[in-house]
């Protein structure tokens, strides 16, 4: 029932806003729909916490601790983003960068994107998961090119081509999975249901699953933004409207990683070796290092934080690849805090860019004077994302690094170097923007910075105190993933 | 060895698909690319039909229908309309010259066959040998996407890749569950529409569909 | 009883040394005069000078700070304490444990710092110049001194002068190569610290070369007198330290009156010899350029450290 | 009230939390700066005093632990107060008491801007230091550690309009963060894979010699970076001057000591099984650091920079003490080890006190005259008599002159180094004296440096026309300085009491202390091992000098006369006397620059002979930038340049990447 509401709300929202998305009240409507979704997610979460995993609609939907916490996270971030996008998109329209039609497109697609995300998370069917992921690309690609500037077109084009090709590989992986599964589960629907696959994963054909995992990893890995498949990511983040950058970083990447982790569970079960984990560790480490070194070259601040997203997704992939209770726990926690922090940063960055009329960091100075809330939001957000305690990112990095020092000591020097370089790069670029003498103009609409500080507050809380139910929720999830 | 007739037919179609993939790889003109794409779709439909008939998988007939509508009629038609509207009929210049591409393609085919061999061993279906061909055609269309410089031909490459996947699905596993097939089809359709939208945007921004205009965002 | 006699000894020694300190200076100057074929002013000259100075009116610069005025007394006090600590006549005096060799060096450093600060107080060109040079000498002389004393204290497993003296004086005679190094280093430090040739020339006011004199240019009358007296005390203290460490024989225990008389005689003899030797050394050597001074003292420092190392390598 | 319910640990936690609360109050009262300066900071000072007493109490009580209802799921915050943390709490409380008093007067519209934000950052800084000292699990430790760095970073950049301050803050936080990561990894090594990060678990985990050494090296580098040890010191002379003076005092006086605390805690307590090789490493690094620090201090003319370099030097001295004790401990001489450890810790306390005092003095000068450049000061003793007196005490103390506190700890260090004959390995045995020599040298150089500082700043004629007559420090400020100056005297004159306390610490830490004879010899005599070996009594020292002073004064006045004439300075009869004729700070350091020329990187600009307005400029720079930091930066630049090539915009190339990745993986899997 909640599931119906959960999926229905954004879908309906998408339809409705497709017609009214340009009206004056559209942003409020958008926020309202997201609120509804969030409420449904909350109810569902409560129920899962209360009485364990559920299967619904002849097993087509499956909710267990692992995905329900992502569902809650997704719904929450989508909601706060919709709050943020109210003034933001108003200002964009006010400055004439957007026509009513595009506002319509934006609002409707925003909801549709939420829908696809939730669908991908909730479905039990690996095939539907794929469909939803592809649909997510389709819904966002036109938003990336929303401004119709040459750069945005190029970004969108790259995003589209690379992700579609990648996702096609994922489809082939899915087919191979099905191919291996149908011998055990027989043809027809059940052979793609994750629960069933999970039960028989022991007997699945290793060679096929090995191949399948490669295709799945390359496919969904493109969406996660693992190096060297990451090239679409910075362009798309930098050129699209900021709310979209926020949800791309905060949600899409997580969901793609979710898909890979689901696959990893099956493959490891089938192969009995640690192949999948090793592959993930390799890609994770590579992404961390590559992203860290690219950070220092950035001039555009949204691009900068896009690369930081790559870095953090790399960390998570590394954590999940490493496996073990501690590392997986760290990975899950990092998923949460990263999407919260990163979206908060993008909110702050968005308003900063609007305020100073540019995304080029060299032209932005003294935010802390021109608008203390934006300035502090950006500074604290940057500190949080850089893993400065007492923010939650540090908590996860703490567990991750110590676990790595124990399980994979060879990797820690790379991580150390990468984190150091990333710190120098990001911090060295954020500090001048925040401090110094101001250069900024007024905004036609008051910025919405509540979301920023709400997110940062939650992240801070997670750094100092993880509520017990959240903790054993993570633990159950970690147990599932192994 | 002598396989039953339909198996031989399927293998024949598979071979045809591979041939068509090569043809597209080498084809210079967009129009004929589209024709080849349509033809590929048609062969795909036939093979799917044969599989459906031979294995009495009723739901495969839906996908036959789907293929016919989507890949043989709708998509080629859309593409035609597009290149008419954008009048980009001129030849496609490739990044690597054709013979080299051919050689790489052959290497890929061998690689794909090796890759699929162990799987084909264990395949329960009558159409075991086709998996390798499917893989090969996927890789080939991937290669095509890499080597082409025009947006349109890249898209066609992408669609061809979808065909390969589809063929893999039908021939290797008697098709995916219907709901998934529908979802895939929907995505492909929407995708194509969006591609169309893009062509117009790109065109009106750059006065051309040559993707070397799309090389501004870079790191050095 | 023991305590009481100890106190008496303590007072006796301090007063005695304080009183004869100018005499030592006079003796050295006299010997120098003789060596230079001059008939010197006589060995009582320093007392006359002090007396004269005490009678004069003090002249003070307008901007002199309290620090400037109190420095002479502090210097005098430091030096008095120093000679009170060094076992000149007798060991195991009640004050002796108050400071070991390290503290002694610290004491001299304290005096030096105050002197230099006073030199800078008025803000004249020569004052600051003198202060700078004094500190430049000091920062090399002090560690060198410390190292020499360490060599001795490593031999006797103690840094308290009393123990050093007693172990060296009352154990059967052993030749310590390390002590030879220490002795040379100590001599060099002594020359430098007491503003003797070749580092400095107490008898001249030549701007380019003077160090100690430059610092105290602004002093007059009683202040100057105290400073001069403190300087002579310092010389005596250094000589007695040298005696105590390198030729400690013949020193008395506290409370032993007979030994005390012997010790007194021995002390006078030793001082006379040392003074003569000093004068000889000053006569035969020439004043060196100010920038050679660091090399000179650096050598002293190295020799002293070398002495320690040799002790560790040979005598363990 | 029942003391069994209320133990040092509760007290410490409560007080730190109160500090946090004060910070929040400060933020809330941003509109009312006077309330903050008149109430919040004094209240903070009161808390500090209470914390000091808590520390004293803890040094004489059994270790007490508690668990806070926060932290990670499997790892709530553990806190523990034992003798060691008690000692450092005493240090933190005692020193920050004076500094907070000073701040109460200082932050009324002084250098730094909004008192509200400042109050928050200041007290969060204090509280996080408190938590560092009482943390009993790796996570809380790291959280407190980094919060400390973060809050102090914001204090350093309080003056963020100045480009140099921003740069300083950047370098500071960067080094701090790298150090923190290395500490983190050291913890990672220490916890042998049992997912438990309480210090107890870390103590229990036994490591192979190799891994133990790795843990030691990581911890040593991490904490060394924070302490300003060579060659990781570069942030220190940049950051400390940038902060408002009381904050500089806090950073130099207390924050560096938390690094020492961490080092002792991790190496002695957590890793354990100390090897003498480690000790030798610490010893040599310490010696190099101290000599380097003072040599560069002598080259400075910015007062706060100079003091910062002296912090580097003193950290070196502390490390010498600790290194010695590690050497002795590693080669099985616990008593000597205890002596060295006590020396090191005592110097930690002393340096905290006098360096705090000196930075406050610098703040008072800065506030009165707006000057930081020594070359423009002079004659301040006439305007700021109180400050001058306190600063003199601080200067004498840091120059290790008896009878002040700096001397006591250096004396103890020397005594410890004279225990060298105990050692077996002749190499170490002969290295220790050399370290002692270095220590002596740097001590003497410090004396020279502070003669320069005091002489140039307070004495002589002032070299710079001040807009108005400098005003003496306010009552609050004087109170703060007075407190620290008094502490210098007390620690110098009555060392025995503190030594006894430190003996408890060493008993608790290495199960060994000073011999009973040393302890039994009464409050007047400081005796390290046996009175035959060495003894020192600062009080007798002071009394004799004072007595002689009085006596002479009296005698001279009585027998002769006290007549006095005022006149112009004589100066060898030189006619003109201008302030440009006296030595500048740079001039005073010139001999050193000549003698130790190879140490420095000197840039000179010598004017051409025909230059109408000749200007002679000379910069002395730190070689470490040249040989260590710039190369690393260039390497990173170069690498990122090459990684950047990956991404050159062509979609075909991107497709090729994924294609090749796919092929490679497929080959890998088959």
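The chains carry the letters A, B, C and D, assigned in the order they are written, with residues numbered from 1 in each.
Assume a contact is a pair of C-beta atoms (placed from the backbone, for glycine too) under 8 Å apart; a residue touches a chain by one contact, two chains touch by 3 or more.
This one's a predicted model, so the numbers in the text were calculated from it and none came from an experiment.
Trainee: State which chains count as neighbours of subunit B and simultaneously of subunit D.
Mentor: Looking at subunit D and subunit B together, the chains touching each of them are A.
Trainee: If I average the CA coordinates per chain, which chain comes out farthest from subunit B?
Mentor: C
Trainee: Can you check how far apart subunit A and subunit B are, centre to centre, with Cα atoms defining each centre and the answer in Å?
Mentor: Centre separation, subunit A to subunit B: 31 Å.
Trainee: Using Cα averages as centroids, what's the distance between subunit C and subunit D in whole Å?
Mentor: Centre-to-centre distance between subunit C and subunit D: 36 Å.
Trainee: Taking each chain's centre as its mean C-alpha position, how far apart are subunit A and subunit C in Å?
Mentor: The answer is 79 Å.
Trainee: Between subunit A and subunit D, what is the gap in Å from one C-alpha centre to the other?
Mentor: Going by mean C-alpha positions, subunit A sits 44 Å from subunit D.
Trainee: Counting only residues that touch at least 2 other chains, which ones in subunit A make the list?
Mentor: Within subunit A, the residues that touch at least two other chains are 157-158, 161, 165, 211, 294, 297.
Trainee: Specify, in ascending order, the residues of subunit D that touch 2 or more different other chains.
Mentor: Answer for subunit D, listing residues that touch two or more other chains: 641, 643-644, 646-647, 651, 655, 662, 666.
Trainee: Identify all positions of subunit B at which a residue touches two or more other chains, and write them in rising order.
Mentor: 115, 118, 142, 145, 154, 211, 214-217, 219-220, in rising order.
Trainee: Can you name every chain pair that touches?
Mentor: So the chains that touch one another pair up as A-B, A-D, B-D, C-D.
Trainee: Within their complex, state which residues of subunit D touch subunit C.
Mentor: 378-379, 381-382, 392, 396, 399-402, 407, 411, 414-415, 418, 420-421, 426, 429-430, 433-434, 436-437, 440-441, 443-445, 447-448, 450-452, 454-456, 459-461, 525, 531-537, 540-541, 544-549, 552-553, 556, 559-560, 563-572, 574, 577, 579, 581-583, 587-588, 590-592, 594-595
Trainee: Quick one: which bits of subunit D touch subunit A in the complex? Just the residue numbers, please.
Mentor: Contacts found on subunit D: 69-74, 138-139, 142-147, 150, 157, 160-161, 166, 169-170, 173-174, 177-178, 181-182, 184-185, 187-189, 191-193, 195, 197, 636-637, 639-641, 643-644, 646-647, 651, 654-655, 657-658, 661-662, 665-666, 668-669.
Trainee: Mind pulling up the subunit D residues that touch subunit B in the complex?
Mentor: 641, 643-652, 655-656, 659, 662-663, 666, 670
Trainee: For the complex, which residues does subunit B have touching subunit A?
Mentor: 57, 115, 118-119, 122-124, 131, 135, 138, 142, 145, 151, 154, 158, 161-162, 165, 168-169, 172-174, 176-177, 179-180, 183-184, 186-187, 190-191, 194-195, 197-198, 201-202, 205-206, 211, 213-217, 219-220
Trainee: In their shared complex, at which residues does subunit A touch subunit B?
Mentor: Its residues touching subunit B are 125, 127-128, 130-131, 134-135, 138, 141-142, 145, 148, 150-151, 153-158, 160-161, 164-165, 168, 171-172, 174-176, 178-179, 182-183, 187-189, 191-192, 205, 207-208, 211, 234-235, 238-239, 294, 297.
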